[in-house]
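Presented below are the structures under discussion, each in the form of structure tokens.
Paired with subunit B in one complex and with subunit C in the other, subunit A is shared by the two complexes that follow.
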Partner chain A sequence: MQEVKREALIARAAELLENGTVDRVLGWKAGEFDYDLTPALFHSAGELESDFVWNGFCGANFSKYLVKETGKSENKVLVFLKPCDTYSFNQLLTEHRFSRDRVYAIGVPCEGMLDAGRIKDSAEGIASVREDGDHVLVETLYDGTLTLDRTSLLPDRCRNCKSKKHVAYDELLGSDGEVLDSHRFDEVEQLERMTPDERFAFWQNELSRCIRCNACRDVCPACTCEKCVFDNPNSGVENKAAANSFEEKMFHIIRAFHVVGRCTDCGECSRVCPQHIPLHLLNRKFIKDIDQFYGDYQAGAEVGSRAPIVNYSAGDLEPYEAVERGGSDA
Partner chain B sequence: MRKLSLDKLDALFAAISATNTLYLPVDTKAGARFERWESGKTLSTALNTVRSAKDFFFPQTENLMDFKVEGKSIEIIDTRTESEDFVLFGVRACDVKSFEVLDRVFLADPVDTYYKNRRDHGVIFSMACTRPVESCFCGTFGIDAANPGGDVACHMTDDALYLQANTDKGQRVLDSLDSLTEACTTEVVDEQNALIRERLARLPLADLSAEAFGSGKTAEYFDAPEWKQLSESCLGCGTCTFVCPTCQCYDIKDFNTGHGVKRFRCWDSCMYSEFTKMSAGQPRLTQLERFRQRFMHKLVYYPTNNDGLFSCVGCGRCVAKCPIHMNIVKVMKTLGGREHA
Partner chain C sequence: MQVNGYKPLIVAFCCNWCSYAGADLAGNNRLSYPADVKIIRVPCSCRVNPMFILRAFQRGADGVILCGCHPGDCHYTSGNYYTRRRMALLFSMLDYLGIERERTRVEWVSAAEGAKFAATMNEFAEKVASLGENKRLEDLRCKK
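Up next is the complex of A and B:
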């Protein structure tokens, strides 16, 4: 259950529309079912009242939408940001991807978002989903109402939430949290302990499922190039298909390299992957390496910080030192 | 109609495999997918596969031919592989119907021989859906999940599999399995079908109607103001098109191997910014036009060119997989319910 209720978000958004602070609201719009919410613009209190939703299925990170949205009008747009979204927000500001003065950001606390896929693993035919404290009540088409443990329905990014603290907002609804001591690098460490052959086999298996839909790239707040190299027919690596399994891996690994030091670990890539490829693990490996080799660094923690990877200091380690410090298999 | 005791299911798969490569839905941690059967693999209990069955006739990438270049001579090398007999087992009614949609594209003149060969060599064993889910809406397009079609239609109960041949091709395979199966009446299947139809009628999307769409409606919907709001949050990814059983657009590309060219075709997506790029540029400049294209194609253009047949089969894959949950159901409800111009 979320600490701040839908009604509080709607009330504040309606006020800001009414007093002219903003002329539109970026929020989550109700769908056909309880879990299929769509990011949408709301222009009036009436629209908010009928369709605005705030619940455990509001996983979509709105930060990237601001790049397009702030280009449309000089008037401010209201955006609701969960703690992890605020890191993407700051990172995009650092990269001058949108105008801060065209946005009114409201921070909302987050108790972790639900993974509809995990609900479907336990429930066949979902008639309705209702959150009730630590439980989620799923009314099914054939098996009555199931009571599921909310924690078991969290996606990996929420199980290993890195921060409940909002690092950017104009105002905050509810209370702010803390940066958490998460276990988000545990899986990376497991991969590091594999032999190179085992690790290759692991990624070969995962990435072989890729259908090159580009959802990971298109949702990624760090991927905001006006024209992606993989969309350029003259690049020789256009996105339409992989001629062989090497190309399949190349797409993901190049993309991971491209967002090094800029990826805030929001986890949207893995949320949207239709083939359940744990793409966030590639990015987390880089984040872990940066922490280890250059000192702790969290992209998006503040506006204007220079990632170690685009910064020079006399003490930077040399490549051979990285190999030594990372262990023989690094 | 023939009946097979479920404890003989493995024997059935082995018998089919003896003469055909057999593919069936198998559970994986990333959902069900069609895999080549071998001893030890069991049939998935999932309602449907993450990727559709179209992959078997229209694979995501397919080598068309190779060119080997030596000096000034170019040798054309035949790389075709689509001549293997295979059985596709456990195909749902929606995916079976998708083959009809694809046939009208690939088997129309000029015939796509790569596709045709695969169709000729494939035998479809369909499977009735006893537990359709909330994202199913095949009924909207006149598809009956209780009567799934294909070369052999199957129904499964707790203890038996019922098989009914619909085509000569299906009958031949079924005849070869006679020693495992026994003749039976249709009583159990009729009973199951009554249950299935009752369940279909109670699905949340059971009342979704395609009546407002179809042949000749281009002018009515093309400039609808609703496209703006519907397409507003579309990411422009290709998930919907790539999980869709009826999307059939492709591109042909040459891959430079260093000593020649590998010519392959691969799925393309109307959602992509460089789709159908021509010398004059991209005709669909923003995501609104690309988004509109996909749904107009499913609901208006395709029916206009194909005797009113819609090119959506209501499988619900896009409903389940779209990263922002915008899909054909929402498009139909928004546009279909509007005041007509």
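Up next is the complex of A and C:
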């Protein structure tokens, strides 16, 4: 259950619309089902009252939306940011992707979002989903109402939440949290302990499900290039279902490599993947390596920090040492 | 270079200022290295984008080696320092995906190190030959 209620968000947003601080609000509204909320723009208190939604399915990270949205008007846009969204927000500011003075950011605390996939796995014929404290009530067409434990429905990124602290905001509703000592690299380490053959089999199995819908790229707050290398029809990695196992690997290696040092580990890529490929494990491997080789670095923790990939020192380790340390021998 | 009758194809990216000259020197000194090493000259080792390496594997390379000036000696002052970080991360990722770590390598070869160039290529070609054909990063559409 979220600490700050929907009414509090609407009241504050309506106030800011009223006094002219902002002229539109970026928020969530209901989709076809309770679990597929969609990002939307609201222009009036009336629209907010009827359509605005704030619950465990508000996973979408709005930072990337600001790139296009701030270009539309000189007036400010109000945006609600959860702690992990604020890291992407800072990272995009570092890259000069939008203008800070066109945004009014409200930080909202987050108790962890819900994973629609896990709910769908545990219930058939879902009619509605409602949160009630530590439980989630799922009304189904055939089995009556199921009561599920909220913690069992958290997506992976929230199980290993790296921070409940907001690193950027104009104002904060509710309380701020702390940077957490998460165990987000545990799964990566588990893979590293496997033999190369096992790792190859694991990734072959995961990546071969890729349908190249490009959702991971489109949602990623770090992927904001105007023109993407994968949109080039001559790239050889065409914008269609991978015809070959090489193409999948190429796409995923390059996708992850392009965001090295800029990925804040927000987990949006895994959230949107329709094939449930654990894409965050690729990004986290890079983050773990960076931490290990070049010192701890959290992208987006502060505006203007220089990522390790665009930096160097004379005593850096050699690539063969990286493989020995980062690989299964570690 | 053959191991069990298998001749690997090796792509070597060599920087214009040190390693390419090193390869020249190896030739001038009549030092032999495998003819299966195909050299691609690049202005600096940091010109090599991770995609080049994957692309080389796609088009049939069994091993890819990247040669540049020794750290500190880069013609452009700092290019090879960036290469070093990028390749450390890329190779670690390839290893993470279960691709044989011996298929990729970075070596610093100066313009005076013709002997090192030849020795490196011999050693690398032998290593790759013993691994056999590149199966894990092959693209069947590119096979003849």
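Following the convention adopted for this analysis, the second predicted complex is superposed on the first by the 317 of 330 C-alpha atoms of A that agree within 3 Å, B and C clash if a C-alpha of one lies under 4 Å from a C-alpha of the other, contacts with A are read in each partner's own complex, and residues count from 1 in each chain.
Here, a residue touches a chain if its C-beta (ideal position, glycine included) is under 8 Å from a C-beta of that chain, and two chains touch if they have at least 3 such contacts.
These numbers were taken from a predicted model, which means no experiment stands behind them.
*Asks:* Looking at A:K72, would you say it contacts subunit B, subunit C, both, or neither? Reply first, second, both or neither.
*Replies:* Neither subunit B nor subunit C is touched by A:K72.
*Asks:* So, A:N214: does it touch subunit B (first), subunit C (second), both, or neither?
*Replies:* first
*Asks:* Now for A:F293: first (subunit B), second (subunit C), both, or neither, which partner does it touch?
*Replies:* The second partner, subunit C, only.
*Asks:* Output check: A:D197 vs subunit B and subunit C. Expected answer is one of first, second, both, neither. What do you get?
*Replies:* second
*Asks:* Which partner does A:Y312 reach: the first (subunit B), the second (subunit C), both, or neither?
*Replies:* It touches subunit C, and subunit B stays clear.
*Asks:* Of the partners subunit B and subunit C, which touch A:H43 in the superposed model: first, second, both, neither?
*Replies:* neither
*Asks:* What is the contact status of A:G31 with respect to subunit B (first) and subunit C (second): first, second, both, or neither?
*Replies:* The first partner, subunit B, only.
*Asks:* With the touch criterion stated at the top, can you tell me which subunit A residues are shared between the subunit B interface and the subunit C interface?
*Replies:* 236, 243
*Asks:* So in the complex, which bits of subunit C are touching subunit A?
*Replies:* The touching residues are 50-51, 54-55, 57-58, 71-72, 78, 81-82, 84-101, 104-106, 136-141.
*Asks:* Taking the complex as given, what residues does subunit A use to touch subunit B?
*Replies:* 31-33, 36-41, 60, 65, 120, 124-127, 141-142, 209, 211-215, 217-219, 231-233, 236, 238-243, 271-272, 274-277
*Asks:* Using the touch definition from the top, list the residues of subunit B that touch subunit A in their complex.
*Replies:* Result: residues 29-31, 47, 50-51, 60-61, 131-135, 199, 202-205, 229, 232-233, 235-239, 241-243, 251, 253, 255-256, 262, 264, 266-269, 272-274, 277, 319-321, 323-327, 329-330, 333 of subunit B touch subunit A.
*Asks:* Once bound in the complex, which stretches of subunit A touch subunit C?
*Replies:* Going by the criterion above, the answer is residues 188, 191-192, 196-204, 229, 236, 243-244, 246-247, 249-250, 253-254, 256-257, 260, 282, 285-286, 289-290, 293-294, 308-314, 316-323, 326-328.
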